[in-house]
Amino acid sequence: MSLTFTATLADRGFDVAFDLAPGETLAVLGPNGAGKSTLLGLLAGLLAPTAGRAELDGTVLFDVGPDRRTLTEPRHRGVSLLAQEALLFPHLTALENVAFGPRSRGVDRGTARATALSWLDRVGAADLAGRRPGHLSGGQAQRVAVARALAADPSLLLLDEPLSALDVTVAPALRTLLRDVLVDRSAIIVTHDPLDAFLLADRVLILDGGTVVESGATASVLTRPVTAFGAHLAGLNLVPGVRTADGFASADGWTVPLTDTAPEDMSLAHSAPENSSLAHSAPEGASLALAVRPGLVTVSRSDTTTQGTACRAAEVDDVEHRGDLVRLHAGGLAADVAPSDVVALGIVPGSRLFLAFRHEDASIYPL
Amino acid sequence: GATSPDAAAGSEGNAIDGSITVFAAASLTAAFTDLAGQFEEAHPGAEVTLNFAGSSDLATQIGEGAPADVLASADTDTMGRVTDLLAADPVAVATNTLQLAVPADNPAGITSLADAARPGVRTVVCARQVPCGAAAAAVGESAGVDLTPVSEESSVTDVLGKVTSGEADAGLVYVTDVRSAGDAVRGIDVPEAARAPTTYPIAALAGSGDPATAQEFVDFAAGPSGQSVLRSAGFGAP
Amino acid sequence: MALRVDWPQFIPLITSESATAALLLSLRTSLTATALCVLVGVPMALVLARTSFRGQRLLRSLVLLPLVLPPVVGGIALLYTFGRRGLLGGSLSALGVEIAFTTTAVVLSQAFVALPFLVLSLEGALRTVGTRYEAVGATLGAGRWTVLRRITLPLVLPALVSGAVLSFARALGEFGATLTFAGSLQGTTRTLPLEVYLQRETDPDAAVALSFILVLVAVAVVGVAHRVRPLGDLAPRAASREAARP
Amino acid sequence: MALRVDWPQFIPLITSESATAALLLSLRTSLTATALCVLVGVPMALVLARTSFRGQRLLRSLVLLPLVLPPVVGGIALLYTFGRRGLLGGSLSALGVEIAFTTTAVVLSQAFVALPFLVLSLEGALRTVGTRYEAVGATLGAGRWTVLRRITLPLVLPALVSGAVLSFARALGEFGATLTFAGSLQGTTRTLPLEVYLQRETDPDAAVALSFILVLVAVAVVGVAHRVRPLGDLAPRAASREAARP
Amino acid sequence: MSLTFTATLADRGFDVAFDLAPGETLAVLGPNGAGKSTLLGLLAGLLAPTAGRAELDGTVLFDVGPDRRTLTEPRHRGVSLLAQEALLFPHLTALENVAFGPRSRGVDRGTARATALSWLDRVGAADLAGRRPGHLSGGQAQRVAVARALAADPSLLLLDEPLSALDVTVAPALRTLLRDVLVDRSAIIVTHDPLDAFLLADRVLILDGGTVVESGATASVLTRPVTAFGAHLAGLNLVPGVRTADGFASADGWTVPLTDTAPEDMSLAHSAPENSSLAHSAPEGASLALAVRPGLVTVSRSDTTTQGTACRAAEVDDVEHRGDLVRLHAGGLAADVAPSDVVALGIVPGSRLFLAFRHEDASIYPL
């Protein structure tokens, strides 16, 4: 079930290409309007590309060019789509909605209903089996839609923000269910939640403005982000800079030496150590990125630059309460500090203070 | 006892220059259009507006207060329904007789009323409720022919339409209809019909806004010019 | 209108042999014509709403024609097509099929004038419902036929029913084309409107009384049909359906 | 039908004084009748679709009446209402207003038969669109009138246009009620269909040629109106609108 | 702008009452189908209650009972609702959608457009001003809908999951915007994200099955949850139990002594210290709840019960990878452990191990 995909859609400024190995799950991330739903729509056959070609395990999904125009019918694509809107059939009950896929594959009525009921049960919606979609709450409808997509048992499963309307008690269970289901299946999942990407996907594709800005194995994209969006996703601070004779220097004044002895793996899960050595051996002037977790950035009233520490003055842009922590945004970095420190330092938006992190807490790699 | 129209126009010295509306039976369409033109020529300044419909519709409309000055109906019964509203007794201006119409190529080879009653021949007549249907029934009876029509239409036009289009092999319509249909149909005389002609009465109405012109039109229709127009359209003398 | 009905005469009038025959014939033919409209109209509406091709606008206009044609002209058009000397009629006639002056001709006339109602109601509904649910069905593996049967048609069912009711009503009242094309013979082609038309020649009040039956039948059918409620807004969650009305 | 038109005679025929007068009268009255239908029909459709009250079903059936009534009976009903001796006609007559047999009567007849088309199209659309957007508008502080003008009507605009086109087409073809209620006076009440009817008495081919004009006008209007496209599925994101059609 | 609300809606099993002080923001949380959207629908006037009464700053919103039935028209309620579906007017552009509220209040065209544009700008959608909703992506539509609800400038603002479709780069900004906007305004916000509740709301209402199961000040509900759902939200483990002679005991075997010297405030932000003393002074047999953060639960192969530590054996139900942490679910508790520990201990679902936490890390309070 390998997938190759290249497509442009002129009026949405969409131009994306990627491959997916058999059985792999791909997470598609990106800002609103990046083209994530467009990508799924093209695969499912709801949209026709201006040009491009996609093939799923030898079956051409579409092949459009100046001299050719093959668009396989949606039902012959072996692709099932859970769209961003649930779009449950309003005239069928929840059970009939879920049974629709199996029935369409020719499964007999009784078996289809049994299958449907078991899927409803797995998404925690068995008690809603007899209800019409008009009588479901937003999250209930979403769960039934997930069950419907899974029950169709497609070669390629497309999920557009499947967990967005779900409550906190159900979302983890559904995430676990999806993980089980996706293990041996090709799937593409659109999400805004990096946790979903971490837990469900082998590979990540980050789109912005209709084009691919980052892609690769989940772990490497989320621990070594090369874009601000990727860093956001990973909960990391990302500082772009260049290789200098000494090491790393950013435009806004951060400098970190790159020595052979600098520890490279900051216990970021699955990080790839070879990246830092790559940064180390990068030629002077090459683009580098520095990543550091907000929890490892410290804050003080005075300059604390010491051997092994990078420190800079900055003005506080924003103060966010996050449960038992406070997240400051200052000088392009985020720093998590204890509420007591906020009070002690008298931090409010507009305060000037010093941000610091230890050289060894930063991860530096080539862009 | 119709007075001479020319005499009336001249002797009274009254200029006949009003506008009148004449309600006339649909079968008079061609003849009355002609007649109205001649009337206007004879009376410069006079204006005639014509309203054609089935006689029965006309009677209903007049009963409901339609602004008519003259009614020319296709049978005396209908005229009888509006007796109360007439300015003067109706005058008979024309007669019409039934004829057997067959398509130009006469596919069923019909030559007489009896042929039209043969099984397998598709004959169409008017329903008894309308004047031409009553006439057709009378003709059939007096000829001793038992017509079994495939359709009993509600107007002569519909009967004629069936024959012109070749749907029917024969239809009982008025002589004037056969004539106006031109080459599309052939008329076959029915001797019994000539003995019971339908009479067309015309009368001025009491509610007329211009009684003089209305009466003048009635007289004109009954007079020589009117009669010659009607005769050339195929109508018989009253 | 009820005021003009001569009530004491009403019962004998409407139970007269000719009136009963006309009523029964009307019901029979109108129902058949409605069925015919559904059979022909559903595919037609689907073609108009779900495909696009050169000449589609022309096809739509043609479907609408019977609405504009004065009924008598419609009858003439039918004659020219199905009549003995018409376009198709000639061939049919050669096959021994005679349509004119038969009940079949009545049904054809009625279906001819009633078809636009069904097609238009349905096309509108199909466009409004959109293709989103059909697309979902297709991605779930359903074939065209399954999508049509299990998604499209159920979604537009209310429109289909109301289109069929309109067609039935129009067929029931059809008069001009029947008169011109089918003729008027008691029990075979003289439907209730033709009977009314004929009665009117001698007794307009009787005609009004007969029309009253026509109206009653139509009102009954419309009343029954409007129990088939549309599926709300066709929206997954339609809380607003119970919108407060102070 | 085009086959039956006597082309060499066509131009002189349709430019004859009576034909031109009839065509102009028809256009004028049909447009007025359509405007009248919109004025009366829009509130009616709103009442049917957006309120519920006892007798609503009856009202809906009454609106449908003109569809079932054979046109001539419709004409008689109008005559009984607005005629000089009619229910309203008497009082109107006393006020010096005469309706029957005037151009006003033509417009009334046409509006009478055309109204159901507008009301039905619009009611269906109103129900399909649902009240969700209206409710959102109300919570944003818009009054009934603002909601109607800025949300409801724009949303059902395509249906309103197509309803108006149907009404216009029906008005243009109206014949039976006009003949009975308005008469057939050249220049005043003799519309194109009546002219066709009259021509048929004397010259069936001329009648066909004239009908052809009627058909052309109707087709043109329908063609133009169908440029007003519906707003897709009325759904916020309608990716499927461009659904692939292999 | 104080709000009182009591309503039942029979066919949805809804029965809720609450009050809101002037200018306060209420977060409504709860599982799918709990009745959150129903609550907002009743307030906005989209649903009519079976019985109940609501008053906003002296204006009756509804008052329905056996002998009375007042339902104020939606537009006279001064309430603006951002529903769970964006429901942008499809025939208007984004700008016209946002300008709709101001225009309806009688603001002139030019001013309304300027207002609308500034709101669009604040939600980061200024470049979408001229687009029709049919040409917006899911998240773009959501942002425009937020702008539309805010531009209406209502007395009471109702927001149903306003941030659910938004990308990670926009969500924090929009959260900040909402915080600014909500400061001096009465608002009710439905959300599945406890962070929203923490950041935006003064008070929290937790619904389940149509009824209120918890309510109170945000801090106390989220640091001292009394329901499993509340604990989930707060990211806490909740263990229900009773007061014994020694202290706290749960049905599944956890015991924690309550001594006068036990530290009570576990640095949970805004915790109310009086609760623990209340637990201490509770009569024997009274219901208590124990809350402990997953990060403070440790895992080992052998029993580590010592003075000051509670320890119990449990079987691992589930292992969840969470970025650079792994969350185990075992014996009703969640524990966050380092990935290296998971490997070291050989933890897989079904493993038996020991869970422990220090007495001082647990927060105990009466139910």
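Each chain carries a letter (A, B, C, D and E) given by its place in the written order, and its residues are counted from 1.
FYI, contacts are C-beta pairs under 8 Å (C-beta built on N, C-alpha and C of every residue); 3 or more make two chains touch, one makes a residue touch a chain.
Source: prediction; values computed, not measured.
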Work out the mean Cα position per chain and let me know which chain is farthest from chain E.
-> B
Write out the two chains that share the greatest number of C-beta pairs in contact.
-> C-D
Please compute the C-alpha centroid of chain D, do the same for chain E, then give the distance between them in whole Å.
-> 56
Round to the nearest whole Å and give the separation of the Cα centres of chain C and chain D.
-> 18
Computed distance of Cα centres, chain E from chain A, in Å | 24
Would you pick out the residues of chain A that each touch at least 2 other chains?
-> 37, 45-46, 73-74, 84-85, 136-138
Sequence positions of chain C contacting 2 or more other chains | 76, 80, 132, 135, 197, 200, 204, 232, 234-235, 237-238, 240-241, 243, 245
Which residues belonging to chain B are in contact with no fewer than two other chains?
-> 57, 60, 161
How about chain B: which of its residues touch chain C in the complex?
-> 54, 56-57, 60, 122, 124, 127, 129-130, 149-154, 158, 161-162, 165-168
Using the touch rule from the top, collect the residues of chain E that touch chain A in their complex.
-> 30-34, 36-37, 84-85, 136-140, 142-143, 160-161, 164-172, 175-176, 192, 194-195, 198-199, 222, 228-229, 232-235, 267-269, 318, 320-324, 338-339
Interface residues, chain C side, partner chain D - complex | 1, 3-4, 51, 57-58, 60-61, 64-65, 67-73, 76-77, 80, 87, 120-121, 124-125, 127-132, 135, 159, 162, 166, 169-170, 172-176, 193, 196-197, 200, 204, 207-208, 211, 214-215, 217-219, 222-223, 226, 230, 232-235, 238, 240-241, 243, 245
Chain C contacts chain B in the complex at 76, 79-80, 83-85, 100-101, 179-180, 182-186, 189-190, 194, 197-202, 204
Per the touch rule, the chain E residues reaching chain D in their complex are 44-46, 73-75, 77-81, 83, 85-92, 100-101, 103-105, 133-134, 136-138, 141, 148-149, 152, 154
